[in-house]
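Report on the structure given below.
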Amino acid sequence: MSEEKTFPAIPPAVSTGIACETKKDSFLQRVMDGFAEFCRARSLFILHYCTGCGAIELPPAITSRFDLERLGVSPMVTPRQADILLITGYVSIKTLKRIILTYEQMQGPKYVIGICSCTVNGGMYWNSYATAKQLNEYLPVDMYIAGCMPRPEAVQEGLKQLREKIESGEANSWEDYFKRYDHYLGNQQHLFGDDWHTPTDVIGEARHYDLLGDESLGEHTVRLEKYLQHHQELGLTNVELEPENKELMER
Amino acid sequence: MEWYTLLIEFTLMPLVAFVVGLAMVLMMRRLRARIERRVGPPLLQPLYDVIKLYSKKTQISHGALHDLGIMMVIGGYIAAEVFLPVPGMMGMAREGDLITLIYLMMVPSLGLALGVGQCANPNGSIGISRALTSMLAYDVPFIIVVAGAIMVYGTSNLPTIIEMQQAGGVAAWGISVMPLLAIAGLISTHAMLAKEPFEVYVAPAEIATGPMVEMSGKYLGALFVMQCFQIYTVSVIFVTLFLGGGENWLFFLLKIFAVAAISSSVTVIFPRYKTDQVIRWLWKWPTGIALLGLAMVMMK
Amino acid sequence: MSKEIKAVRLDEVLGEMEGAVMQRKRPGRIRVDIEADALPTLLQLLKGRAGYLHLSSISCVDWPEDEEFELVYHVWSYETGVLVSAHTRISKQSARYISVYDLYVPAGFFERDIYEMYGLYFEGSPHMEKFILTEWNGPPPMLKSFDTEEFVRDTFDWKEYNPDWLQEIVAKGGGIVE
Amino acid sequence: MRPENYKSVEHPPSHEYELNFGPNHPGIEGNYALKVKLEGDVVTEAKADGGYLHRGFEKLMETRLWMQNIALVPRICVPDPVPMEVVYSLGVEELGGLEVPARAQWLRVLHLELSRIAAHLFTFGGHAATTGMYSNMFWGVTDRDYVLDLFEQMSGGRVYHMYNVPGGVRRDLPDGFLARVSELLDYLERRLPQYDDLFFANAVFIDRARGTGTLTQEQALSWGVTGPNLRACGLSFDVRRDDPYLVYDQLEFDIPTETAGDALARTLVRRAELIQSIRILRQVIARLPGIDGPIRCPLPNPLAWNVPMGEAYPRVESSKGELCFYLVSTGGDRPHRVHVRGPSSMHAVQVLERLSIGTRIEDVAQTMFSLDACPPEVDR
Amino acid sequence: MTDIKYESKGSLLRPFKALAFLGREPVTEPMGPRPASENYRGFHLNDWEKCIGCGTCKKICDNQAIRMVSIPDLPADPVKGIRAERPAMDYGRCCWCGLCVDLCPTGSLSLSREYVHTCTEEQISSYFILPDPKGMHGQGYEKGWAKTADADLIDLERQPMHQLAPDERTDSFAEVVDGFDPQSALLEASRCIQCGMCHDACPSNMDAPQYIRAIWSDDLEAAIEHIYDTNPLAHVCGRVCTHRCESACSIGIRGKPLSIRWLKRYAMDQVGHDRVRDIVSKRKAPLPDSGKIAIIGAGPAGLTAAYDLALQGFQVTIYEGLPQGGGMTRYGIPEYRLPYNRLDDDIDIITSLGVVIHYDTWVGRDISMTQLEQDNDAVIVANGLHLGRSTRIPGSDHAQVYSAIDLLRKITLGEHFDIPQRAVVIGGGNVAMDIARSLLRLQQRTHGRTDVTVTTLEARDQMMAAADEIEEAEEEGVVIINSRGPRQCTVDKEVLTGLETVHCISVFDAEGRFHPQYDEDDLTLYGADMVVEAIGQAPDNDFLGELLTERLEWVRGRLKIDEEGRTSEPWLWAAGDAVEGPDVIHAIAGGHRVANSIQQHLASLRKASA
């Protein structure tokens, strides 16, 4: 990926299937979109990843007593299959890297739910050197559920709210990640250092799906591209840059 | 047969298979929920899931083989449905036979192997090798069962087999004629569905759902559809071979749902075996029973 | 070996160790203070002759005023039901000590932990690399000289809330009292 | 052509893989990873990778008042938080020379044993899920939830109770609580045969668990294994009996053991422990109404509480094994040092690494769950 | 219960029993939140009526989730210990441990049974709430986790203070109260929750939380440092302060307030006098803009002003008419409450800073005001209240009718007067108690028996005197008769025979003004050979001279001062009881005020001239 390629004219969107393309205003299209949103709101695959202690209330929420499957929720094993990334509480910096990568691997539309106090303002661990304090600096968050930790009923309520948000077509934070990628990347770089990068090509994706916004590219993405270019010149592929990335990927 | 009838049947048979398959998946999930002491998903949940997956706005592909593999998965089953006789629709069933069907049913597995191979995820690779291993394990008893059935009925043509059974009433049903083979057949069809205790290649806790690990959006949707086809196909084959096929739609559906229900119940109450245990178990019990059944059939 | 014999053996062992100061804190709890170079020998004797098979933990304490680390080895005898804590002090200057991994396998974990958290290196320990703090570039965080609150203040921002009720109060001249 | 969001890696031609088992992996308990090298699907090398849940508890505890730390400690081990509270309280009491009233001690035993039941039910669920048996997981987690209901009535919180404070407990029991505990125990006793049918006596499970992750007694002793895992190797040791704390010396209970040391033995030991916990709770229910008195000794103002100088090493038997805190006070209002010695720091790291080598990939998850390792406790 | 052996092979059929659950009802709860348990720890509730804004919740919060918000609409009363602040909770931090509830001194804070709150990124401000009794979403959930008697983390009881038994103390002027021993002082100090209400309530704004914290950490010298920040008469205040701090103490809302006064005394008593002097001398930090100041009266106000100014390098001269310093604290307070050597210590520290005190020097007699004005940059009037007010009832001009303040001065000076066999004191304030108890001691010493009656206009619960004073007085044998208004002093043949009183129905009228109503039919005579009037004092301002008196502005017999303590004359400041009414700590505050004002005034003068 060279630098010249960083700022070309945005290519036209390519149609890739149902509801994948940009919105056209035809009636049929709107009906289709509405229907897709209706189904999306009723089929919520959550990623089975316990990032923090709030995860302990998810098994009760999913199991018989509170049975989230009534809301169409199923736990999914890999980020590829999941729609919802549940951040269950504090996020240690080590985990945050994995979460970001996980998020980037998920397919849009994708939603992030921040559970517990810690995702909002640091929570209990506000003075801990090891945890990130505000989740929304690094990822766009659709819904917060208060509590330390929230009870299964609160999780249920949060998912219901998310469902309404999806159905009304407002749950577009995943587009925000593309559109304001520079902002998120900047915060990520602030925390992880300037050479932070994931093996995913967020900019390429944004370009492909016509999701480039005014803030998609900026000083931070330039830094990232320079870094990647430098490594490419050394003859390394994207993935082989660091063993860590490989590990990130293989989950 | 007129070409247009055939065309209608070619469209209708996979569609029926899909719809019935969705209902079977729902039944499976509801049944599981009941044993787990909970309510379970709403009625249209399997449909929502599939549509949701197909309406994902971004999509990752790992290359041409990945796409091709998934096409083979769906294509194999769609083709298989056309060879499966249902009440009122014969499709290609008269032209093909049991052996064709079995070959067609291997196509999806191979397609999956092909697709997953390109995903370059070790979990997927392990999953595929496990899938092929378990195929080896359940195919042995299954082939014996099929062989036994062909021997009993004297033909591998499915419509003929159905007609023979329906002509003789319940006493002529495969399950009465060759009970041991029926048992072995039930076990191996259950193994074919890759459900516990033979669920070795999806095993989430071991290899993060194996072949599905890199499947997203439409690909996963395709696998969901495949699951519908698979459970339908396997049930119909069993019903065709041993339960006299469908006299009419009501009985047909009752029978295939009964078979699916047995399979689903077993799934809920067992953990999974390890891969080597699966092979050992399948080569020991169902194979043994099938051989015994075959011997009995041959002695008659 | 009977409980009594083992108990006698403990006193023997401690008697043999020169410079070891023993203190019975309460039944089943013995504290031994010992020089750093004699501690491995003590543990060896305790394990070999008095049946202290279980290394419960190795704890490190930072004493910034003394420029020293205190290492505390808790060993437990399943037979006599006595927990011996062996205390020793290491100078922070050298920040190196000898591993007891070959004596007690669990030491591997604890020593790595102390290495990560305090920067105290254990010679001969098999895992002298990062485990928990692989993504951490700062100083060993458990050192008293590391101020986690200051680090957090420098690294992170806090959420700024501006709810309606607060706006109203601010308009009236009130507000958050710092 | 759609963009790839990462480039593929070619596998080496041999059958060797490197696989990251976790941290986002359903086979791993919590947010934890095991990097394994595979040949075919046999593990040749395993290396634990922790720190995903690291919050720096030991550091944070040094920055907070003695009383404030009660909010922090239960969070060290999420599935079994009560022993954390108790062991911290015991430590501060030892340092401060506080006398815990008898009623508080019995309440703590009640709390601890309920927590042990909850933790074991959770483990059965988790263990079953690794073998693909979700129904048992659903059952286990749901039945644990009934215990959480009791916790909620007792302490006002479902998961984090913060019920034990140095000097005693925070609230007395609500009315009719013991009767509800008794009901729950009856219920669990009715349920246990159903669990046996589904899970413990399930031939497939027994086939799977037998011989998985086998520890010999020598290995267990030398690797620092404690708790049910140690008892599954044939050594009858339990801190509750052999280094008693609270009022465990006034209670009758057995220490169940097995000799095989594999996943099955460990599960059976836990199952028997569940029964013993029920037995202990029945004794507590019988005796608690006769023990009146305060639930807490007089405490200094939490904002101005200097705990006398000294050190303490309290030990309790958590559902996972031997749990100790090493507390050092310099006479200040905050601890000088708290070292958390959780049982899982052994089980999830060195023991798991060693047990994984030579097994097949399918056994790794089961081994971990059968060891009942708790990653937050490793990471702290 | 079945037993499963390790050896058993298990069964493939037993699991099928679980299929029985196909026929059973699910255990799933209906959708929506279940009611939480009775002591659930949900979102906060705060009873704004009870809450005093002390901020203790903020201090115990280990997550810094609580912030105090000042709300202008709310009533604030520093004297009663009420701030117009309320806690606000950040649910991005809270961990629902409930320590804030357990430590809340008023019990206003509790947790509700409400626990569901979700919001989107845009609504994230809803995570920051100001709890009120209605709950987070105004839906009035019931109270969950609240304070209970057995789980209160606030220590409501005081450390007991040893004092002399009544029969031990009546025969001498020995100090009644022993003061804390180190252990109980530490324990008492540890009760402090550092809310700072005492600081706000103290006229001199003494930083009591700081020195209490220092006492608790056994760093008494630091405590002395903190005390001398705002109070040079530490011994005096450690003993006889009217301790408004203790009335404002937030622990006092449900329990006994902290013994702040005794703690100060403890710190002062423990650190030797020489050490205190060393500590104070280190504070001296001369300013360039110093000058010469004259102070009239060596009472608390004058001494405080002198201390402040001397620290800044001013040359301070105090003119005191009486033979010793201390003003009303010496001549108005008996020695059993304030031993004179302690007062001497306090004065010694001030003089050690270079303050010159001319005793027995009456301004107006020995030196004129004009002289002072000429010689100094500024003059402070702190002459105190040395004239007793009279009831002016018939017979009150009798020689055996004394004013309390005169009598107390006589006792201190050792002047002779006839110790009465029976004495009646009119008044219900602290001075009445002082004179009653002093007379009682003198009676015991002279006659071996005691008979002192105190008649007060107010009912018992309205009495002005401090509760412990009243209690101690009664212990010693003083008879207190409430609700009696003096009618006349009965004189029989030039000899005082007693005081006739009338029943007082009410003291104040509906608007709170002093307007006693009597029941004229209920007359009682208390026999006495001495009647002491202790109903108030007045200043003696004759020394100012006619000219100056006319130039100055007056308010109801007192010098008019602005809020900085300045009179209408630019060189003259006034402070202390004479302008503010009798109270030691107010006088000290006034001393600080004028010192500060003078310093600023002179600095601005210099600046203007330069």
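Should a chain be cited, it is by its letter among A, B, C, D and E, assigned in written order, with residues numbered from 1 in that chain.
One rule holds in what follows: a residue touches a chain if its C-beta (ideal position, glycine included) is under 8 Å from a C-beta of that chain, and two chains touch if they have at least 3 such contacts.
Small disclaimer: the values here were computed from a predicted structure and weren't measured.
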item	value
Labels of chains that are neighbours to chain A and to chain C	D, E
Of C-D and D-E, pair with higher C-beta contact tally	D-E
Taking each chain's C-alpha mean as its centre, the one farthest from chain E	B
Closest chain to global C-alpha mean, per-chain Cα centroids	D
Taking each chain's C-alpha mean as its centre, the one farthest from chain C	B
Computed distance of Cα centres, chain D from chain A, in Å	32
Computed distance of Cα centres, chain D from chain B, in Å	42
Approximate Å spacing (C-alpha centroids) for the pair chain B, chain C	58
Chain D, residues touching no fewer than two other chains	2, 4-5, 9, 18-19, 25-26, 51, 54, 56, 59-60, 63, 71-72, 135, 138-139, 142, 160, 198, 202, 204-205, 207, 379
Multi-chain contact residues (two or more partners), chain B	33, 35-39, 59-60, 122-123, 204, 208, 268-270
Residue list for chain A, restricted to those that touch at least two other chains	16, 48, 63-65, 67, 70, 77-78, 94, 105, 120-122, 124, 126-130, 148, 151, 205, 250-251
Contact pairs between chains, per stated definition	A-B, A-C, A-D, A-E, B-D, B-E, C-D, C-E, D-E
Residue numbers on chain E that touch chain A, as the complex places them	26-29, 31-34, 62-65, 90-96, 115-121, 124, 127
Of chain A, residues touching chain C in the complex	93-94, 97, 120-122, 126-130, 132-134, 137, 191-193
Chain D to chain C touching residues, read off their complex	48-51, 54, 56, 58-60, 62-63, 221-224, 226, 235, 237, 242-243, 311, 313, 315, 322, 324, 326, 328, 336-337, 339, 341, 345-346, 349-350, 379-380
Residue ranges of chain A touching chain E (in the complex, touch as defined)	64-67, 70, 117, 120-124, 126, 136, 140-148, 150-151, 153-154, 156-158, 161, 165, 173
Footprint of chain A on chain C - complex, ascending	133-138, 141, 146, 148-149, 151-152, 155-159
